[in-house]
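Heads up: the structure comes next, in structure tokens.
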Amino acid sequence: MPTYHVEMMEGRTVEQKRRLAEEITRVSVEILGGAPESVDILITDVKRENWATGGKLWSDRS
Amino acid sequence: MPTYHVEMMEGRTVEQKRRLAEEITRVSVEILGGAPESVDILITDVKRENWATGGKLWSDRS
Amino acid sequence: MPTYHVEMMEGRTVEQKRRLAEEITRVSVEILGGAPESVDILITDVKRENWATGGKLWSDRS
Amino acid sequence: MPTYHVEMMEGRTVEQKRRLAEEITRVSVEILGGAPESVDILITDVKRENWATGGKLWSDRS
Amino acid sequence: MPTYHVEMMEGRTVEQKRRLAEEITRVSVEILGGAPESVDILITDVKRENWATGGKLWSDRS
Amino acid sequence: MPTYHVEMMEGRTVEQKRRLAEEITRVSVEILGGAPESVDILITDVKRENWATGGKLWSDRS
């Protein structure tokens, strides 16, 4: 039942998402218990113009 | 003032979203009170490659 | 699989949450399809000092 | 370390996002303390068909 | 209608939240337009044992 | 910069959270790249009366 929301900069491949989902689910079950089927993972691909750190959009960094 | 965030797999029609917004608002006002105008509903259409259950992306399910 | 996050001002009873969970699940299945078991609803009770509208905390409203 | 998630109707320019990121970071550091680099801001552009107020989608308003 | 979610380490005073709500609302209206009444701000006070950076819980930092 | 939000039923120990933070950070860096310091993890402990699956609050399950 644990639910993971992952926000990451856009551009990751499906293969990276696939592995991330497998690994987070494995780690979650190992540490928190429960069945793998109860683990949900939702990924948000964030555009660089939609994420700022230190007051600066990532699309403005060279 | 209650705010609802709905995450659903992409592919739903505007008509489904329209009905869902009407019905959740109606149910919310009926049970929690308050004015309909104070109910906000935000929908996120999630791509199948961005949602995993049981460690498996939905885009990988046949 | 639709997942609902509900943010509401603190103070609602468990009975209100119970009815809300039932009704949102019913409405969701009716409009979006899917099994009731695939519907998750997570409620956040927000303190009045943690919600502002129009620049004013709800704890500051009389 | 404060993290801001901003949901706004789609259609804002990058210049508006840039200024918003600057100003929120400035205000955050001024009031909460901490270094600007520790402030993260994530923006979500919401489609009008994905936001409802008062039970009505914004795409249905004239 | 813009909605701001702010996650911050617990321990901030109500006065800090009050000023933050005022300032973010002011900045939002100035840059994005709209009425102040349409701006919602929700604050989450995060416990130090519930936030990790670099793999380390903040409650474990001296 | 990836940010993970984990919603889990309340009752987990600090040691479980510590290990989860370590492991998710490790897995994230391994698969997505980036520095460990850029990974943030925020945990939400959800009360059983605030989570429903299949229309039923978890506090109502025996």
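Remarks
Per-chain residue numbering starts at 1, and chain names A, B, C, D, E and F are given in the order in which the chains are listed.
In the analysis below, contacts are C-beta pairs under 8 Å (C-beta built on N, C-alpha and C of every residue); 3 or more make two chains touch, one makes a residue touch a chain.
Predicted model, so just to flag it, every value in this text is computed and none were measured.
Listed here as common contacts of chain A and chain C: B, F. For the two copies, chain E and chain F, the CA superposition rotation is 120 degrees, given to the nearest 5. Taking each chain's centre as the mean of its C-alpha atoms, chain B lies 24 Å from chain E. Distance between chain centres (mean CA atoms), chain A to chain D: 20 Å. Residues of chain B in contact with at least two other chains: 1, 3, 7, 24, 40, 42, 51, 53. With chains as nodes and touching pairs as edges, the resulting graph is of another kind, matching none of line, ring, star or complete. Touching chain pairs in this entry, ordered by label, are A-B, A-C, A-D, A-F, B-C, B-D, B-E, C-E, C-F, D-E, D-F, E-F.
Touching chain C in their complex are the following residues of chain A: 1, 3, 40, 42. Interface of chain C with chain E (complex): residues 7, 46, 49-57, 59-60. Residues of chain E that touch chain C in their complex: 14, 17-18, 21-22, 24-26, 35-45. Within the complex formed with chain E, the residues of chain D that make contact are 1-9, 12, 16, 19-20, 23-24, 27-28, 30-32, 51, 53.
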